[in-house]
Amino acid sequence: MAPVIHLRDVVALLGGFPALTGVDLDVDAAELVALVGANGAGKTTVLRVCAGLVPVDSGTASVLGEDLTRNGRAVRSRVGLLGPSGGLYDELTAMDNLRFFARAARVDPADVDRAAERFGITGRVADSPVVRLSTGQRRRVALASLVARRPQLWLLDEPHGGLDAEGRDLLDAVVLSAVASGATVVIASHDLDRTSALGCRHVTLAGGSVVEGGPDAA
Amino acid sequence: MSTWAWVITGWIITVVVVVAYVGLVLQRGRSLSRQVPPEEQRWM
Amino acid sequence: MSIGNGQSAGTPLATQDTRSVTGHPTTGSPATRVLGIIVLLCLPLVLWLSFVATPPDAVQGESVRLLYVHVPSVTVAYVACFVTFVASIMWLWKRSEWWDLVGSSAAEIGSVFTALTLVSGMIWGQITWGTAWEWDPRLTSTLFLFLLLVGYQALRAASPDRSSRSRRSAVIGLLLVPNILIVNRSVQWWRSLHQDATLFRTDLDFRIEGLMLFTWMFTTAVGMVLLVWLLFHRFRVGWLANRVEERQLSEAVAARRAEATP
Amino acid sequence: MLRDAMLVAGKDLRVEARTRVGLGQVAPFAVLVLVLFGFALDPDRGILEAATPGLFWITVLFASVLGVQRAYAVESGAGVRDALRLTSLSPGGMFLGKALALAVQLLAVELVLGVGVIVLYGADPAGWILLVGTALPATAGIAAAGSLSGVLAVGLRVRETLLPLLLLPVLAPVLLAATRAFEAALDGSPADGWPWAGLLALFAVVYVGCGIGLYGTVLEES
């Protein structure tokens, strides 16, 4: 079976800065992979390339069977990305955000309500503008939005950051059940203990390329 | 100003601007050419 | 990175100009040298025709001599803008570096000649109408064309990378022609509502005599050769700038890679 | 596409309903400009009366620049543009939605300004059918051209200064046509005004078409 993510010698330039300098990466279906490495190693950019948000400047890249250089749009609607900032409208309430992004992604409203409840976005939290929520609460809203979409590929950027202990456990449970149902999950993280506990395969990045755990080593 | 003076002014402005622009383009081409190996300058 | 059909600017003559390779590299090629020499040789003839050979016009007097430089400027400016328009459409279709460079080169040349058109037009207006600016449809739409071309360059200068540069400028390039048509039409309507519309309708109503017509056509033809010559050179400047940019980027990639692998 | 447009427009208007930047800042700014014109062109000399249609539409143009900036500032928050691109909204729908929300807000500003010129400049709203028939296509054109120019400036460091440079030359014919049509309406000769309203409608159609066709090109960037 073709891998869900297949990157070969991917170079990505962000406004002239070589964020990725030749990444090789294979991730199979229903696999759980953690990208590790120092700050600025390129973890976030790998996730954004896989989401079809950053253009590939050279190399070959395919995600979910689509060629990223040709059909980024097809990939974008099938992946879920949890960025460090959540990507929510500050002025709208948590529930408004959830409903808007759900309708934009053509998700059943019932799924949204269920996901919101699961992540504790109820009552006052649900009706507060996002700008008044704490980092952890915002993270929960973004996660609920992601879960409701049920993407085939989950790209999580430092997902544990800002969450309380209960939230982190909830996240781990959600990730494991997603993998169990056949989704693929890639996590960029500094929390090696947690990713090991989850049973992730570790891939180490440095200087914009994979230095450990790439396809050659495997 | 007399008609002739205006006419000459118009011509001089046009010629000077065109010559200056041509010079600028050629100058830019020269300085960039020095940074690129000849095999990439396909018009050679 | 693919350069599409970037070579077609010089391919037919891509031969052994060893002097350029070993000596001073330039954006010149045999083809452009021929064009440049044609322009240079024609210049004295243009001046002679415009100032000596042609008689003063019966209605306009000596001011007609300004039109021998104004009309070629207008033609070059508008042809260049039309090239940008077509190149923008072609870029949106083909997405090739070649069309992006054609469009941006023509836009830069077009803005220079649009500015010259405005200046010589205003001077001519000063002589003929006694005011430098008349709200004439052609003059007004040329002014807005110029402002939009300035916006085009500013947008290109502000874009961080080549992809967004070509995307965003192609949109403005595509708007050039509709905008000019709408502005022209609306100003024409506006002025025709005023009673004095005929005042400046008469200005071109003079007898075009054989030699004057020839001078116009000749200077315009020289202008067009100059445009083609400039397009070649400006295209190559843009192409070289892209190569330099790529070179710097691949050096940066290599440097970062070297840092990472011990 | 229409469904996406309604969704995006609804979201933008909801943001406006919660923050009231349009009503609380853009509309007061527009009124302020009217007052300043009044100071500059002494109301007793009759210049103000003659210039009312032009001043009205110039003020609308200024307000539209602010409106476009606001419409895209809403999305400048970290990760919001990524989140939008990861949805399956069609680019044409997103454009229409943005333009629709902008048009609604501009119409509200125009209403406030209309009251302003009646009260402050003593304008007589005769021929109101032509006034409405002008304002609607003019607003549609401004909103469409504004949304398209706005997305061209998105993400650039100089967007605030670049936007007016791109937008105002494009809107010049709108200013001209809408002003002439308003003059005709206020003069009580609406027959002179309708061709201008037609030109405004043509402008709106051209820019809505360009926007639907081109919005995705700028949005894609990959």
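Chains: A, B, C and D, in written order; residue numbering restarts at 1 for each.
We take it that a residue touches a chain if its C-beta (ideal position, glycine included) is under 8 Å from a C-beta of that chain, and two chains touch if they have at least 3 such contacts.
Note that the structure is predicted; figures quoted are calculated from it, not measured.
The chain with its C-alpha centre at the largest distance from the centre of chain D is B.
Chain pair with the larger contact count among B-C and C-D is B-C, by C-beta pairs in contact. Between chain B and chain C the centroid-to-centroid distance comes to 12 Å (mean Cα coordinates, whole Å).
Our note on geometry: chain C versus chain D, Cα centroid distance of 32 Å, whole angstroms. Measuring from the averaged C-alpha position of chain A to that of chain B gives a distance of 52 Å.
Inter-chain spacing, taken between the CA centroids of chain B and chain D, is 41 Å. Touching two or more other chains at once are residues 220-222 of chain D.
Chain C has residues 160, 163 in contact with two or more other chains. Taken residue by residue, chain B touches two or more other chains at no position, since every residue touches fewer. Of all possible chain pairings, those that touch are A-C, A-D, B-C, C-D.
Those residues of chain A that touch chain C in the shared complex are 11, 13, 15-18, 21-22, 55, 57-58, 206-209, 211.
Within the complex, the chain C residues that touch chain D are 92, 144, 147-148, 150-151, 154-155, 158-160, 163-164, 167-168, 170-172, 174-175, 178-179, 182-183, 185-187, 189-190, 193. The residues of chain D lying in touch with chain C in their complex are 148, 152-153, 155-158, 162, 165-166, 168-170, 172-173, 176-177, 180, 192, 195-196, 199, 202-203, 206, 210, 214, 217-218, 220-222. In the complex of the two chains, the chain C residues touching chain B come out as 6-7, 9-11, 13-14, 17, 20-21, 24-29, 31-32, 50, 61-63, 65-66, 69-70, 73, 109, 112, 115-116, 119-120, 123-124, 126-127, 226, 230, 233-234, 236-237, 240-241, 243-244, 247.
Chain D meets chain A in the complex at residues 4, 7, 11, 14-15, 18-19, 74-75, 77-89, 220-222.
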